[in-house]
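Before we start, here is the structure in question, set down as structure tokens.
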Amino acid sequence: MTDFINALTQDNLSYLLQGLGITVAVSLLSIIISLILGSVVGIVMFEKIPYFSSLVGTLNNIVRNLPLLLIIFFSYFALPQIGIRLPVFWSTVVAMSFFEAAMLSEIIRGGLDAIDKGQFEGARSTGLSNRQTMTHIILPQAYKKMIPPLISQLISLVKDTSLASGVVLADLTFRGQVVYAQNSHFIVPVLIFMTFCYFIVNYLLSLLAKHLDRLLA
Amino acid sequence: MEKNKKRLFGMVAALLLVLFLLLLGFWAANRAHENKRHQDTLERVKKTKMIHWGVKTDTKLFGLVNTKSGQSEGFDVDLAKALTKQIGKQLGLELTPSFTPVNASSKVQLLKNTNIDGVMAVMTITKERAKVVDFSNPYFPAGNALLVRKDSGVQSIKDLNDPSKTILIALGTTAADTVKKEAPKAKVLALQDYASAMQALKAGQGQAIVTDNAILYGLVAENPDYQVVGGIMGYAPYGIAFDHNQPGMVKQANQALESLEKDGTYNTLIKKWFSQVPGLDLSQLEVQS
Amino acid sequence: MTLFNHYSALFFSGFGYTILASLIALVASLILGTFFALLQLSKKRFLAMLGNAYVQFLRNVPLLIITLFFYLAVAKVIKMTGFVSGTVALSLYTSAFIAESVRAGILAIDHGQMEGALANGLSYGQAMSRVVLPQAFKVALPSLGNQLINLVKNSSILAFVGGLDLMYQGNLVAASSFDTFTSYLVVGLFYLVLTLPLSYVMQYLEEHLQESR
């Protein structure tokens, strides 16, 4: 118990909470970017354009089947070798957006597939163009259906930012390691505190997902 | 007809994508080649009026983050600040130091990638490393030593030269070579950082940690059940690392280091950081004038 | 290519440890996951709550934190290597996701089947293990397959605790060869050798099961 009090001094606590802020910022930025990218890729895969869609699908599959940790390391350590040099925050955002876009595109394709084909024909017969049908009729419905899986993806994002501590992103996990480098008695208290932070953020998100699910059903 | 059109479109789009990816690949290969070309660190420092230093975040006495300021503090950091000022004086410029946290496995990568200009992070000068980076003159007299439990009965590394023993080291340090030389039969487990190595020692995953004496003293200060035994295995001082083939920068750094040693700044910093270590004779570290 | 030749022993040993960790974690998490799925569906409210708490907790905490917990805290009491603590953490973490898949599978099975089996004189345990669970696994197969792919990818967490796996060896190669780009490309290819075939099998199964419904 005294370890707890010693470990979580005001300075250490605010240092850790700032780390949580970075964790959340990386997650939010990545989900927004990957939602845009993922939508484009998802629509391409849904449209089943001969050759093109299956090529994109294969590339997408390759990205999805790599460990995120590898992509994070690659983006920070390997990209500078071809002259792309990003600060660790942005290199993490790039890596996570790239990976998550591949995950999200599958969700989006699935969401689009689940929408009744009749709707396309109906909308087109009222004189809407292909693109109008997509943006005004189909996508809004697809996004609505996709909100719960999107939130669960956001939860994995929040969890996965912890991997970036390996490239010294000053997120919650890295800062925890810094705090217990002061004294190894701090390890357990700090780990418990970090667990608590991640759990609260993610549990609230999962409650939100449940709530929205009920609201939209 | 409609179907054929779509098919044609798909084929063209797919071909364009493949072409794009191929070009991207060529571009990347080309850039990688170009990037291996020489970039002068000193020129960069003069242009940006900054020196970017890679420092540790988890190493007591050398570079440990102060959670209040969020910045690394320690001997390495203070010396880097003093050196920056001194180099600035030599160049007639106002230079600002900036600090990037590195860990043992990332420091050389970041140097090569020019994310940082110099590494001041408890880095031992070795022949192997000197092939890929340039070192300044030694800035801290260090050597590998052995940390064991007080009641373990281990007196020297020779006691661990046995396949049933495991020696713990931190990734990317010189300890691996020392162990290979002094106790070739022992198993070696490389861990991410010193805190993990200490934890692994406490958990009994190994019988000893081999790493630099100064770091072990930092660990002893916190864990009185452990002790450093067997003396120093080889003099292996720390140096400041720069990218390969940077004579200009290395010359400036050496000149600055010499000035700081002469004007007493160096000894002041040694006293500031190492007088708190039990069992360490400061006169070993100070520069004698 | 020269890089690969030079370091192939390291890559292959890492590949072996990645497969070993994945296999152990797969078996362990299937057993644990099924157990906690049953617990979640238990009629006794306390047991159901316990099962729920287990699943919710593990799903909402990063794998790295769980791994560090075993590696830095539990290993103090029960001695274990980085490989073992990483694999244990991986098993527990994955079991929460498998529990969710299995639970959904059981719920998808017609309620009448359970009652029918019970009426035929089977005990609850027998009815569950012989009638309901086999069907539930079949329904849950695609999502279990996805969990297996995630498991293989997540095994890279071992690199953080000296777990000797593919990612760990890749870092070593990158650090000693300084050709980070190629090192990580090779590591990526090794992972794809495991995960890509799995993902295509899963896609096939998914389509196949949809047809048969």
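Should a chain be cited, it is by its letter among A, B and C, assigned in written order, with residues numbered from 1 in that chain.
We take it that contacts are C-beta pairs under 8 Å (C-beta built on N, C-alpha and C of every residue); 3 or more make two chains touch, one makes a residue touch a chain.
By chain, with names taken from UniProt: A, C = Amino acid ABC transporter permease; B = Transporter substrate-binding domain-containing protein.
The structure displayed is predicted, hence computed values, not measured ones.
**Student:** From the Cα centroids, identify the chain that ends up most central relative to all protein Cα atoms.
**Tutor:** Located nearest the centre of all protein C-alpha atoms is chain A.
**Student:** Considering only mean CA positions as chain centres, point out the chain farthest from chain C.
**Tutor:** If we average the C-alpha coordinates per chain, B ends up farthest from chain C.
**Student:** I'd like the Å distance between the centres of chain B and chain C, where a centre is the mean of that chain's Cα atoms.
**Tutor:** Averaging C-alpha atoms per chain gives centres 36 Å apart.
**Student:** On a C-alpha centroid basis, what's the spacing between chain A and chain C, in Å?
**Tutor:** Centres of chain A and chain C (C-alpha means) sit 20 Å apart.
**Student:** Report, in whole Å, the distance between the mean C-alpha point of chain A and the mean C-alpha point of chain B.
**Tutor:** It comes to 32 Å between the two C-alpha centres.
**Student:** Can you list the residues of chain A that touch 2 or more other chains?
**Tutor:** Answer for chain A, listing residues that touch two or more other chains: 77, 81-82, 180, 187.
**Student:** What are the residue numbers in chain B that touch two or more other chains?
**Tutor:** 32, 109, 112, 199, 202
**Student:** Counting only residues that touch at least 2 other chains, which ones in chain C make the list?
**Tutor:** Chain C, residues with two or more chain partners: 72, 160, 171, 174, 180-181.
**Student:** Give every residue of chain A touching chain B within the complex, in rising order.
**Tutor:** 9, 11-12, 14-16, 18, 49-53, 55-56, 77, 80-83, 85, 167-168, 170, 175, 177-184, 187
**Student:** Which residues, counting only chain B, touch chain A once they are in their complex?
**Tutor:** Interface residues on the chain B side: 6-7, 9-11, 13-14, 17-18, 27-28, 31-32, 34-35, 57-60, 64-68, 70, 101-103, 106, 109, 112-115, 193-195, 198-199, 202, 222-223.
**Student:** Which residues of chain C touch chain B in their complex?
**Tutor:** My answer: residues 71-72, 75-76, 79-82, 160-162, 171-172, 174-175, 178, 180-181.
**Student:** Taking the touch rule as given, give the residues of chain C at its contact with chain A in the complex, in rising order.
**Tutor:** It is residues 56-57, 59-65, 68-69, 72-73, 149, 153-157, 159-160, 167, 170-171, 174, 179-181, 184, 187-188, 191-192, 195-196, 198-200 of chain C that touch chain A.
**Student:** Along chain B, where are the residues that touch chain C in the complex?
**Tutor:** 32, 105, 108-109, 112, 132, 171-172, 189-192, 196, 199-200, 202-205
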